[in-house]
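Here it is: the structure, laid out below.
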Amino acid sequence: MKITKARLFAFAAATAFVTIAHQALADELSIMASGGAWQDAQRKAWFEPFSKETGAKIVEQEYLGDLGKVKAMVDTGNVPIDLVTVETATVLQGCDAGILERLDYSKIAPREKFLEGSALDCGVGLDAYGDVLAYDPNVLKEAPTSVLDIFDTTKFPGKRAMRKFPAQNLEWALMADGVAPADVYKVLATPEGVDRAFKKLDTIKKDIVWWDAGAQPPQLLASKEVVMTTAWNGRIQNAIDKDGAPFKIVWNNQILEYDMIAIPKGAKNPDLAYKYLAYISQPENNAKLASYITYGPVRTDAASFVAPDALPKLPNAPDHMSAYLVADTEFWGDYGEDLVKRFNAWLAQ
Amino acid sequence: MLLSPYPTTGERIRITLLWLWCGLVILFLLVPILIPVPLSFNSGAFFIFPLEGISTRWYAVVLGTQRWQSAIGNSLIVAFGTTLIATTLGTLTAIALADEKFPGRRIVMPLLLSPLIVPVVITAVGSYLFYARVGLASTYAGIILAHTALASPFVVVTVGASLTGFDRNLMRAAAISGAKPVTSFFRVMLPLILPGVLSGAAFAFVTSFDEVVVVQFLASANQRTMPLEMFIGLREKLSPAITAAATLMMALSIVLLVVANLLARRSQRRPVAAA
Amino acid sequence: MSALEPTKLDRPRIARDRSAADAKAAKSVTAKLRRAEFGDRLRSLMLAAPLLVLLALSFGIPIVLLLSRAVYDPTIADALPQTSQALRGWNGTGLPDDAAFLALAADLRDNQAKGTAYELAKSLNARLPGARSQVLKTVRQLEGAADKPPLEVMKGVPFWSAPGTWPAIESGTHSVTSFYLLSALDLRWNADGSIGKVPPEQAIFLQVFLRTFFVAAAVTLATLILGFPLAYLIASVPKGLAAILIVAVLLPFWTSILVRTAAWTVLLQKFGLVNDLLLWLDVADDRLDLMYSRIGLIIAMTHIQLPFTLLPIYSVMRTIPPSQMKAAYSLGAKPFTAFRRVYLPQVFPGVMAGSMLTFILCLGYYITPALIGGASDQLISNFIANYVNVELNWEMAAALSFILLVFTLALFGIFARILGLDRLKLV
C-alpha cells in the first residue's frame, strides 16, 4: 500500500508542477525576445514603462533562435507566448507556414507611417539595425575601411567571425567579388550568382569562426579569438559604452535591416499583445529604444524624438550612410529556405 | 611490485618512463577539472592567471541573481522528481528481476538499459516530438519523465547488485511468521538493501542534475535548469559566473557520487559505479 | 521452462505409486504449486510493470515514432488526394494527362483554403529543390485569376511540365518512402529506377558519418595510449597508492560532460592556459586557434572518455597475478616478449571492452562538438539537432537518427556478444 502511495505522490507532485507552469493570469503578457543587450534595452525602453502604464505584468522568455519551438507550440495548440521578436526572413517564413498571426494594423498604427519594408503582414518593425564589421584596434594595427575587408586575408590575416546564416554573407561575398550593390539581389537570384557568392566565401572558409547568437561577436573579439567579426551594430556599441571595450565599428558597406515582432497563432492574450504593439509603435515610444541600444526607430516620424546623444551612433545616421545596402526582405522570403539549405550543406562540406 | 628484485638499468629506465608518462596523464585528467575552481574565486572579469584577487562575487551572481536562482530551483525540482520516481520504480523492478522466475529476463534487462546506449540526442528529439503532441513539452512533468528514463537504469543496476547478496529465505521466513508482503518488504528487505537503494537514488539525482541535452529540447524559458543556463552562457557570454556554477555542480556531483559509491560498497556486492 | 520443473520432478513419484487416490492428491499438489508459481510470476511482473510502462511511454514510444518518420511521411499524400487518384494509371514517363494537371490544380486550391499550402510546398521542396516557390507562386496565380482556366495556369508555369517534377510528385504520394533514408546516405532514386548518388553540392551526410567515425576512432586511440600505461601502473602499485591514483581517474569521471566541456572552453581559448603553456614551453611560435577546431574537440573528448577506456582495462589487469610475468622472466623471456605473449593476451578483453565503450559513446557526442568544434567539426548528433531546430525537417532528422541508432546498436550487439553484458559494470 505504502509503495503505491509513494508512487501516487510522485505523480501528483509532477502534475502539480504542470498546473503551476500553466497558470497564466489574464493581464499577463508573455514576450519572447532574443536575449542579451537587446532584450535589456527593450525591458528599459518598453517592457517596464508599458507595465507601469497598463498594470499588465510582462513575463520575459528567451528565444534561442529556433523557430522549431514556436512551430511545435502552434502545432500542438499550446502557445504559452503572446509575442515573439523575429527577423524579417522569419516573419515571411512564419507567415507562409501559418505559425504567425496576420496583423490588423488598425489596432496598431497607420501602416504608411513605417519605413518601407518594416510593416509586414505578420510582423511589425521594432527598430532598424546595421550589419557591420567590428574589430579591436589593439589587435589589428591597420584599420579595415569596409565590411568587405573581411575577405582580405592577406592584409588582415587571422580568424574572422561571421554569422552562421546565408543572409548578408552572400550579399557581401558578391560585393567583394565586384558586383555593384544595386545588382546584388538580381545576381543572387540566378544559380550562377549563388555559385559565385559561395565561391567567394570558399576563399576564406577555413578562417571563419561562425556565430549564431548576437552576444557572441563582442565575446569573440574580447577573448581575441578572432581579429574581426561581422556583428549587429548595437551589440558592439553596447560593449564599447557599457563594458568599456576598445572595439571599433566599420560602417562602410553595412547592410540595413529591421527587427520585427509578431504574434504566434493561438496566443492566449492577443488583445493585450495588440495594446503593446500600439504602445511601442507610437513615435515617441518607438524612438525610446535608441537611448538604451543604438538601433534606430522604424516610424518615419520618430527621428525627432530620438535622444540627441544617441542619434550619431544609429545605423542610419548620415555619417554611416556613405555606402550601404538595404536587405531585400522579399528576396529572402522567396529564396531564403533554399539558400539556407545550400549554405548548411556548404558548411558541412 | 613493478621492479624485479634485481632490476637492470633498462628496467629502471622503463619504470621511470612509465611513472613520468602516468604523471602527465594524471595531470591531464585532473588539471582541467580543477581549473574552474580558482577562476571562480577571481575578482576580475577575465579567465586569466594570475588572478586579480580573491572574491566570491561570482558566487554572489550565481546564488543571488533571479535568473540563476530560478535555474537552480528548476534543477532541484526536476532532479528530486526524477529521483523519487526512478528510485521507487527502479527498486520495484530490480526486486522483480532478482527473481529468476521473472519471465523474459534476458529481454527485459537490455531493454531497461537501452536508455544508456541510445545516443542522447535521439532520446531528446524523440521525446520532444512526442511530448509536444501530448502536451508534455515545456512542462516539468515532461522533463522529469524523460530524465526518469535516463536515470532508472542506474537504480535497477545498483539495487539489483545489492539484491544478489540478499537471502530470499528471509522473506519466506517473514511470510511464514504471518507478515504481509508489504510489511516484510519494509521491515526485512528494505533495511538490508537500503544502501543499494540510496546509492541508486544518488546516481539518479546526479544523472538528472547534470543532464542538458534533453532539457535543451524539452524546456521552455520557465524550466531552464542550471546546466542549460551554463550551456547558453558558454555559447553566448563567457563570464566567470559559469566557472562558479561549474564548481558548484562539480562539488555536488562528486559529493553525491562518493556517497553513492561508499554506500554501494557497503551493500553486499563489489561496488558498482556506472557511467 | 521453470514452470514445468515441478511436474517433471513429480512424474517418477507418480509412476511409482499407482494408487489412484495418491495420484489425484499429487495432481492437486502439482496444480497448487503451479498456481503458486503463476502467482509469483504475476507478482514480479506487476512489480516491474510500472517502470516498464513508464519507460515505454517516456522512451520507447517516442523513439519508435521518431524512427517511423524516417520512412513514413504522409504530408504529400494527404495534401494531394485527387492528384494521387489521377496518377494511378500513369506509367511514370513523360508527362501525365491533363486530368492529372487539373487534379493538382484542384488540390492546390484546397490546400490554400485549408491553410496547408505552405506545408505542402515545404514537403515537396525537400524532395524537389525549388518546388517551394513554384507551389506558392502557382497557388497565388490560381487564386488571383479565378476566370482563367486552371489548366492554362498550370501549363503556364514551366515548372509543372519540367522533367523530374511529376516523378517526384508521384513518389511523394506514397506515404511509405525510402527517400529520407537514402538521402541520409547521400543516395537517391534515379529517373530510371536505379539508385544513384545525389549531386555533389547536396552530398553531406556520408562525410559527416565518416567524420564522426574518424573522431571516435582518434579519441579511442588517444584514450588507449594515455590510459593503458596508467591502468597498468595502478594495477601494479601497492593498494594504498592505487587507491589514491584511482581517485584521480574517478574525479573527472564523476564530473558531468557539460562541466568538463566548460572547463575546456576556458582552457582552449586563444589566451587560455593551454596556449600560455605552449608558449612558455616554446613549443609553438604563436598562439594556436584551439577553440572551434578539430584538435581542440579531440583533446576535450579524450579527456572526457579516458576513464571509460581505462576502468575496464584496469579491472581486468588487477585480476592478473604478477607472478605470471615473473615466471615468464625466469623462463628467460625478454621483458617485451613476456609482455606481448603473456600479459597482453590476458588483458585483451579489457582493452576491447574499454575501447569499444568509448567508440560507441563517441558516436553520440553532441554537447562537446557544439561548444568546442567549428562548423566543420560537427558530428552526426549535431546535424540531427539542427534538422529539428533550425531546418524544421523532422523526417531528415529521423532518418539520420535511424542510421546512427543502427550503427550504435550493431556495435553494441557485437560488444555484448564478445564480452557479455556484465562487463559493462565499471570499477
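Observations on the model:
Per-chain numbering from 1; labels A, B and C assigned in written order.
Criterion: a contact is a pair of C-beta atoms (placed from the backbone, for glycine too) under 8 Å apart; a residue touches a chain by one contact, two chains touch by 3 or more.
Quick caveat, the model's predicted, so the values are computed rather than measured.
Relative to the centroid of every protein C-alpha atom shown, the closest chain centre, again from C-alpha atoms, is found for C. By number of C-beta pairs in contact, the leading pair of chains is B-C.
With each centre defined as the average position of its C-alpha atoms, the distance from chain A to chain B rounds to 38 Å. If you average the CA atoms of chain A and of chain C, the two centres end up 34 Å from each other. We define each chain's centre as the mean of its Cα atoms; on that basis chain B and chain C are separated by 22 Å. Contact of a single residue of chain B with at least two other chains is seen at positions 85, 89, 92, 128-129, 145, 235, 238. Residues of chain A in contact with at least two other chains: 7, 69, 223. Multi-chain contact residues, meaning those touching two or more other chains, occur in chain C at positions 50, 269, 271, 388. Within the complex, the chain C residues that touch chain A are 50, 115-116, 118-119, 121-122, 125, 129-130, 132-133, 136, 201-202, 204, 207-208, 269-271, 289, 291-292, 374-376, 378, 383, 386, 388-392.
Those residues of chain C whose C-beta lies close enough to touch chain B in the complex are 2, 37, 40-41, 43-48, 50-52, 54-55, 57-59, 61-63, 65-66, 69, 226-227, 229-230, 232-233, 236-238, 245, 248-267, 269, 271-273, 276, 303, 306-308, 311, 322, 326, 329, 335, 360-361, 363-364, 366-367, 370-371, 381, 384-385, 388, 394, 397, 401, 404-405, 408-409, 412, 416, 421, 424-427.
Contact residues on chain A toward chain C in their complex (touch as defined above): 7, 65-69, 71, 96-98, 159, 164, 208-210, 223-225, 334-335, 337-338, 340-342, 344-349. Remark: chain B residues 77, 81, 84-85, 88-89, 92, 128-129, 132-133, 135, 137-141, 144-145, 182, 185-186, 220-223, 232, 235-238 touch chain A in the complex. Listed in rising order, the residues of chain A touching chain B in the complex are 1-3, 6-7, 9-11, 13-15, 17-18, 21-22, 32, 35-36, 60-62, 64, 69, 72-73, 75-76, 78, 80, 212-213, 215-216, 219, 223.
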